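Can you read through this structure? Questions will come right after.
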Amino acid sequence: MKFLAINLILTVIWGTISASFTPANLLLGFAVGALSLWLIRRELKPVTYPIRPLRLVLLLALFIKELAVSATKVAILVTRKKMALKPGIFAYPLTARSDFEITLLANLITLTPGTLSVDVSGDRKTLYVHALDCADPGALRQDIARGFERRIREAFER
Amino acid sequence: MSHLTDLPAWAAIAVCGLLLMGAAMTLIGSIGLLRLPTFYDRLHAPTITTSGGTILVCFASMLCFAVLQSRWIFHEVLIIVFITVTTPVTLMLLGQASLYRHRFEKPQDVPLKQGPHAEKDRE
Amino acid sequence: MSRRHRWDTDCVMAASTSPPLDLSAALVLAPPTAAEWLVILPVVWCLILGALLVMMRRNVSLHPVIAIVGLAGLVGIDGLLLLEVIRNGPLTMVMGRWLPPFGIAFTADLTGALFALIAALVALAAGVFSIADINDSGRRYGFYPLLMVLMAGVTGAFMTGDVFNLYVWFEVLLISSFGLLVLGSEHEQIDGTVKYGFLNLVATTLFLVATGYLYAVFGTLNMADIARKAEGLRSNAPLMTLAGLYTLAFGMKAAAFPVNFWLPASYHTPRVVVSALFAGLLTKVGIYALIRVMVMLLPVEREELSFVLAIAASLTMIVGVLGALAQSDFRRLLGFLIISGIGSILAGIAVGGPGGIGGAIFYALHSMLVMTALYFASGIAMRLGASASIVTLAGLYRRHVGFAALSLMLCFAVSGLPPFSGFWPKVMLVKAALDIGAWWLAAVLLLAGFLTTIATGRLFLLAYWREQAVAVGETPPLPAATLAPLAALTLLTLVLGLYPEPLLATIQDAAAGLDDPSAYRESVFPGGWPQ
Amino acid sequence: MLLIFLLAPFGGSLLVLFFPSDQRGATAWFAGAIAFVCFLLAAGIYPFVTAGGVLRFELDWIPELGLNLTLRMDGFAWLFATLITAIGVLVVLYARYYMAAEDPIPRFFALFLAFMGSMLGVVLSGNLILLAVFWELTSIVSFLLIGYWHHNAHARDGARIALTMTGMGGLSMLIGLLLIGRVVGSYELDAVLASGDAIRNDPLYLPILILILFGALTKSAQFPFHFWLPHAMAAPTPVSAYLHSATMVKAGVFLLARLWPVMAGTEAWFWIVGLAGLSTLLLGAYFAIFQQDLKGLLAYSTISHLGLITVLLSLGSPLAAVAAVFHIVNHATFKASLFMAAGIIDHETGTRDMRRLSGLFRYMPITATLAMVASAAMAGVPLLNGFLSKEMFFAEAIETHLVNSLDTITPYVATIAGMFAVTYSLRFIHSVFFGAPPADLPKRPHEPPRWMRAPIEFLVLACLIVGIIPGRTIGPFLHTAVVSILGDRTPDYSLAVWHGWNVPLIMSFVALSGGVGLYFLMRSYLATGIEGPPVFRLLQGQRIFERVLVTLSWKWARSLEQRFGTRRLQPQMLLLVFLAVSAAAVPLFRRGFELPPLVIRGIDPAFALLWALGIACAVGAAYQAKFHRLFALVLLGGAGLITCITFVWLSAPDLAVTQLLVEIVTTVLILLGLRWLPKRIEESRPEDIPLRVRFRRLRDFLLALAAGGGMSLIAYRVMTQPTPETIASYFVERAYSEGGGANVVNVILVDFRGFDTLGEVAVLSIVALTVFALLLRFRPHPDSQDIPLQQRVQNAFDDDHPDRNAGDSIAEYLHIPSTIMRWMFPVTGMLAAYLFLRGHDLPGGGFAAGIAMSIGFLLQYMAGGTRWVEERLRIHPLRWMSIGLLVAAATGIGSWVFGYPFLTSHSQYATLPIVGKVPLASAILFDLGVFSLVLGATVLMLIALAHQSVRAPRAHARPARTEREAAQ
Amino acid sequence: MTELAILWSILLAQVMLALAMAFALYRIVKGPHAQDRVLGLDALYINAMLMLVAFGVRTANTVYFETALIIALLGFVSSIAFAKFLMRGEIIE
């Protein structure tokens, strides 16, 4: 059962959906999860990561903070009378490797208002990010590298 | 409105606050959608909604029901999770789609980037 | 909020808290008899067979076998049902144990059973004919499953005792008829289907609207219940609107003037067997519904509408037969003949009374058989003469005498000449029309019959008796599968023409049953009305 | 016993069909035997019918219609029956030699016997409707007999005209008879004959009379309906001899005589019948003179003789009736023999054209003599039977019956007609048998075979005997017949040849001499051989008839179809909607339609705003639908969303869930289809839209408004009017307690009205099947066949860049999204499972679950592409669908086992280990079926659409590539 | 008094959300590009979901949950479909 981890996650989701964590229900959830995984077994590459809960929490915290900050920033920006915008796209050199990490990073970048990852180069090396305020791409790169990417690596790198 | 009276004052105020803030965020997001000049800028607007609005409103709901003790509060969590997972996909796809379309159509408001690989040499 | 917990504990609780109120008022307590199962069996039988056929899409060679056996079975079931109904009155099967008007009631009275049986016969004939008419690709497209579900829809429509359920079955047969109509997806087929589809969908929507209104007015969907409540509500509720809407919706289905154009526009496009099926079944379902609703549920409104109906009927007859005269395409001609037949039936409904309704029912049944057979004939003619237009078609008589004889009989039958089945309903209708003093209607009826004679005579003279101008090529062999159903149906019309007595007696009982549905109500509500 | 009269011929005709066509002799003998048997039977019956005796046979046939198989033979019927059978025998004998070898003999004799049967039926039937039935039968069979030589166009025309005329007559007669039945209260002939006064005094008398006369006069070819008879001469001569001289044409006068006691004697009768009769008598004779075709001449003379009989019947005096009956018999004998003679001539010389025939006497003396005698009888020469009845006719003509102009002119007309008769008889004989020997005949004429002549000899003999000693031969039979018609009004009459010098005799002599004179006067004109009579040549009934027919069938029908039978969709749609609106509105307002006052309370601003948005979306979508599909689709999504929220707001979450899911799937499916539609249509600028189009749009818009308004009006009315005790409340309160679930809608769906659900899911599966079938043969629009523009551009981009291999763009493009989309699948699966399991308690159920699951598959497809997915997923939507349907249906049947009605859900609770109690309401099984079916159906449509994209580029790869080369 | 305040604030929130939806709709109608419209639709979906949540708070009723969850989980599917349609001209290849 190579999807065990995922299946467990699904089970948790199931519990959450049906809002009950009684063993019976969880068992059922597990069964359902297994079934739906089995359906698409041929599509997925098994992913196995050492889970580091603490780091995850840190990542989450960072994410929340980033959110709060940038959201307010953009909100203010938007609500201004005249919007001083210097939008643009900058290329971000990736250090993360696996699909999962890249995906996660891209999502986080996108989720934080003001930055938006639009594309990945064919050789998973560059991530193209669109920023509302692209006055200084270097700084932005710094932020991402220091922030999300580091946290992610800490959380998932083996 | 029996259930709202059940809420202790602090909870009530908190709920209202969260709710209002969330709604405000959402509204702002939409305003952004409305006002921002180019498509790429507009792409950013919904992120405010999703991140700010969703989370706040869902917190409000969680708090409300948690206090009311009426049920488990995981639903909102789930909602938040799903939203956070799915929204970026849409946005990215849209962004790229418009990139390609612009590359094809070449209208005036194309950003400084001409295709995904223009930057390679700029690096 | 106690319900908001896990679903299983929840239901356990539901179970543990024993039902608060006494169910016996709302539930069927006695297990239904086998006879009552006969009411529902035809529909389920068709559905199951359809599903099976879909499942075995790979080996199409088996399809016809299964389908034909199934249809034969259907005929058998319907026959038994009819006997059962004749023997001891209408039968009712209540769905899901819920007593009407809460649950859906499936009620077979004489009318429904008769229609169902004839429909099954027609379908069986079509099934046999299709062996030669539907090639493998057609089977792979799912001709037979569609046929089966179509039959389910038709039979359901004939049996149901619930207005909304009637709508459901209408949809079933409508959609499956789309499927059959586009079978092979030629260009003009799709063209015809679009027309057919749009107009019929509008009609069905109309039906739905009317039903919603009906429910709002009556608060029930059960036909027997409605029939009961109609008296009380007649004073204030605008039942006339309902009647108008239903008449239009069903008239549309039945291709009555002035909403008849979809029929000739679409019926000549599909495979022969398909148009034969449609000729036999679809319009007649509309007629059936019209009879059921207008005669049994809203008799007073029918009275008030009768003049409008009569006008529409006469125009339908005339337009239909004139159209038939103007056509040169064999199947289009037949399409118009269907329309004029519908006109005669409408005339019966307009006249009303046991005579009129009986005549209408008889005519409908007759027309189901004859029109189907005629479409078969058109198909065979196209095989023999390699043309669909009676201008170029010729010398069929010389090519195949037996076939020509059968077609001739059918021509006479459809023209309402003795000794074929068309004669008696015409006599009944004329008689009924005269009895209420509607001379002109009787005159139109006979005029239509006369013009039909001219039209069919023209058809026969041109396509059959006329010698082929060009040298006659080798006549292609006729597969028995094409000739047999034609012969069977023709024989049936002949028999019904020579000895109509039993059918006639049944039909008159049926008409009486519609006129005074007390027996129907009794079978739906055995113990009087529920409180 | 009487039944044999019907069974024998019909049965015989069936049997004859099975004779091999080369056995001419056997067939003929068989047919003849049957005819002969019938004849003997008639002869045997004679004693019973003498002196007004009536033989009856009754058999309940269709009591519902008051129609019994009543056979009734009185003297008159007997006379006719004998006539029919006797001449039948002779004609069969004649036909045996007449018919050519290549003609299909069995069919001829089958039809012949069938006709004999139906004719006997006409004369024997003692019930009006029965009479009508046999009447129509004679028309049908005669149609077939006339068209026997169907390869000949004349035969076809003759057949058609005959059928049309006689058929029309028969129909009108049917009404008349039905009316009589209504007046009398019974269709039994006896009852009708008994109540003559009732009928004559009934207000309906005139219509009845007209209708029935129409039938009778058309049948016996009375002016102005006479023209079908000459055309019927295209039939084989035996047919003409039998049907068109002896029997069928007599059916009309038979009917007149039959109903004589009840109908005759009134002013109207006299005028209508008399006028028709006289004109026919005269014109028939007149036309007859100028025919060039032997049979044509005979046909017209037949017409005029029938006219004579009609006149006699019109007079309404008993003696006239006697004369009529007598003449019926006489005419049958001599005319049949004449036809046969003509047939022989035709047969032996190969032509019937009197311009080519002459001097045949020296070739066929015997036939010639016979013909001469017969035509002498036709001309009314003394010592022949024709003379007697003609004398009686003249006698009656002189008599004054009613004082009016018609009655006064009768004798003169009679004499003139008699003169004409002599003329054409003379012409017949003289031009055919005398004069110079014929030149250029197709065949060398000679005497016919012995037995072919025999019938004529017999008939001519009959003419002679009856003519010389009428009293002893025909007298008693005639008497019985007359008695049966007139009953006690039977006059005393004498059939003597010699009544002494009296006016009729003088009239006869005038007629004879005048006729001869006339003939010799006209010889020169006749020799010119112009077809048709001088004056009336232009006025030909059948021409008029044809013209009428053509106008009716062709011009009117065509124009009608062009006017109404539009084959375009829009007008029909317009009409339909218009009708719908009026059908709903008219009665509504005729009944007075009062709207309850509108009360507004507690409007929620947010909700109101939402609705405004929804409406905007809907309108926008409708507006954009034609010009900008994608836009319309987006708006549609918005509208759907608002609907969904509304459902939640009005606390119908279950509907909301379903609505939402359906919304999503629909959008995707439409997008799939959109790829195949031609590119967006640009809206033409408002100024260059023609006025007509503007008008049309306005009209349609108004109509749409009306329809929508009507709908909302009905809805308003429904919602505001006090609800009757509905079953809805019942559903709500029962849903939890008995349905075993808390979600009303779902419980209603699967339990209360599970049967509807069964139907609807069947619909869904059929839709899927249809889509699937349609797309198997899908031929895309030319400008959408190619792979889409974007892809070409992107592929081109990949091809340009050496560092990229084909399909990179898409790979990058989807890189991140596809990861997420794929991982969404299990989650979706769980959602589906959750919806399903909760279904019976909370929103969802099989339907929603199925759709949710199919969305999961949708995601897979979008992420990976068709090929990629189908390499990795096992997908058998058809199977799922059918299994679903099976399960659902089987659940219903299953309750049979438990002794419950169809689709009963029994909530048992099975205890599973650990999990605890799980409700196994069979409704859940049903739900499972629904789930599987919905899933299957949706995925099936999805795949069907998706595969187009796989197929099309493959099909059109080459042009696309070349284009790409061109682009670089 | 608190109760009233709560009511009003919730109502206010809902109105704001509705307004947000209105703006999204405006973007849909306005365009100018197809992708703008799609973006608007996506925003519309999310706002709708929030509206539902707010509704839940207002009525302390959880019936909204299924719908909200499904929007959250599957609402993006149609947007994706649109996006891919714009990108590739067909959504399943």
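Just so it is clear, A, B, C, D and E label the chains in written order, and each chain counts residues from 1 on its own.
We adopt the following convention: a contact is a pair of C-beta atoms (placed from the backbone, for glycine too) under 8 Å apart; a residue touches a chain by one contact, two chains touch by 3 or more.
Worth saying up front: this structure is predicted, and the values here are computed from it rather than measured.
Path length between subunit A and subunit E in the chain contact graph, taken as the least number of steps between touching chains: 2. Placing every chain at the mean of its C-alpha atoms, the farthest one from subunit E is found to be D. For the interfaces D-E and A-D, the C-beta contact count is higher for D-E. Taking the mean of each chain's C-alpha atoms, the chain whose centre lies closest to the overall C-alpha mean is C. In this assembly, D is the chain whose CA centroid lies farthest from the centroid of subunit A.
Put simply, the C-alpha centre of subunit C and that of subunit D have 17 angstrom between them. Once the centre of each chain is set as its mean CA position, subunit A and subunit C turn out to be 61 Å apart. Subunit B and subunit D have centres, each the mean of its CA atoms, that are 69 Å apart.
Residue numbers of subunit B whose C-beta contacts span two or more other chains: 29, 31, 43, 45, 50, 70-71, 75, 78, 82, 85-89, 91-93, 96, 100-101, 116-117.
Multi-chain contact residues of subunit A, defined as those touching 2 or more other chains: 13, 17-20, 24, 106-107, 117, 119, 121. For subunit C, the set of residues touching two or more other chains reads 4, 7-8. The touching residues of subunit A, counted against subunit B in their complex, run 13, 15-17, 19-20, 67, 71, 74-75, 78-79, 83, 85, 87-91, 93, 106-107, 110-119, 121, 126, 128, 130, 132. Listed in rising order, the residues of subunit D touching subunit A in the complex are 803-804, 808, 811-813, 815-816, 819-820, 822-823, 825-831, 833-834, 837-838, 856, 860, 864, 869, 871-873, 914-916.
By the touch criterion given at the top, residues 82, 85-86, 88-89, 92-93, 96, 100-101, 103-104, 115-117 of subunit B touch subunit D in their complex.
Put simply, subunit E touches subunit B in their complex at residues 2-3, 5-7, 9-10, 12-14, 16-17, 19-24, 26-27, 33-36, 38-40, 42-43, 46-47, 49-50, 53-54, 56-57, 60, 62, 65, 68-69, 72-73, 75-76, 79-80, 83-84, 86-87. Contact residues on subunit E toward subunit D in their complex (touch as defined above): 11, 14-15, 17-19, 21-22, 25, 28-29, 31, 34, 37-38, 40-41, 44-45, 48, 51-52, 55, 61, 63-64, 66-67, 69-71, 73-75, 77-78, 80-82, 84-93.
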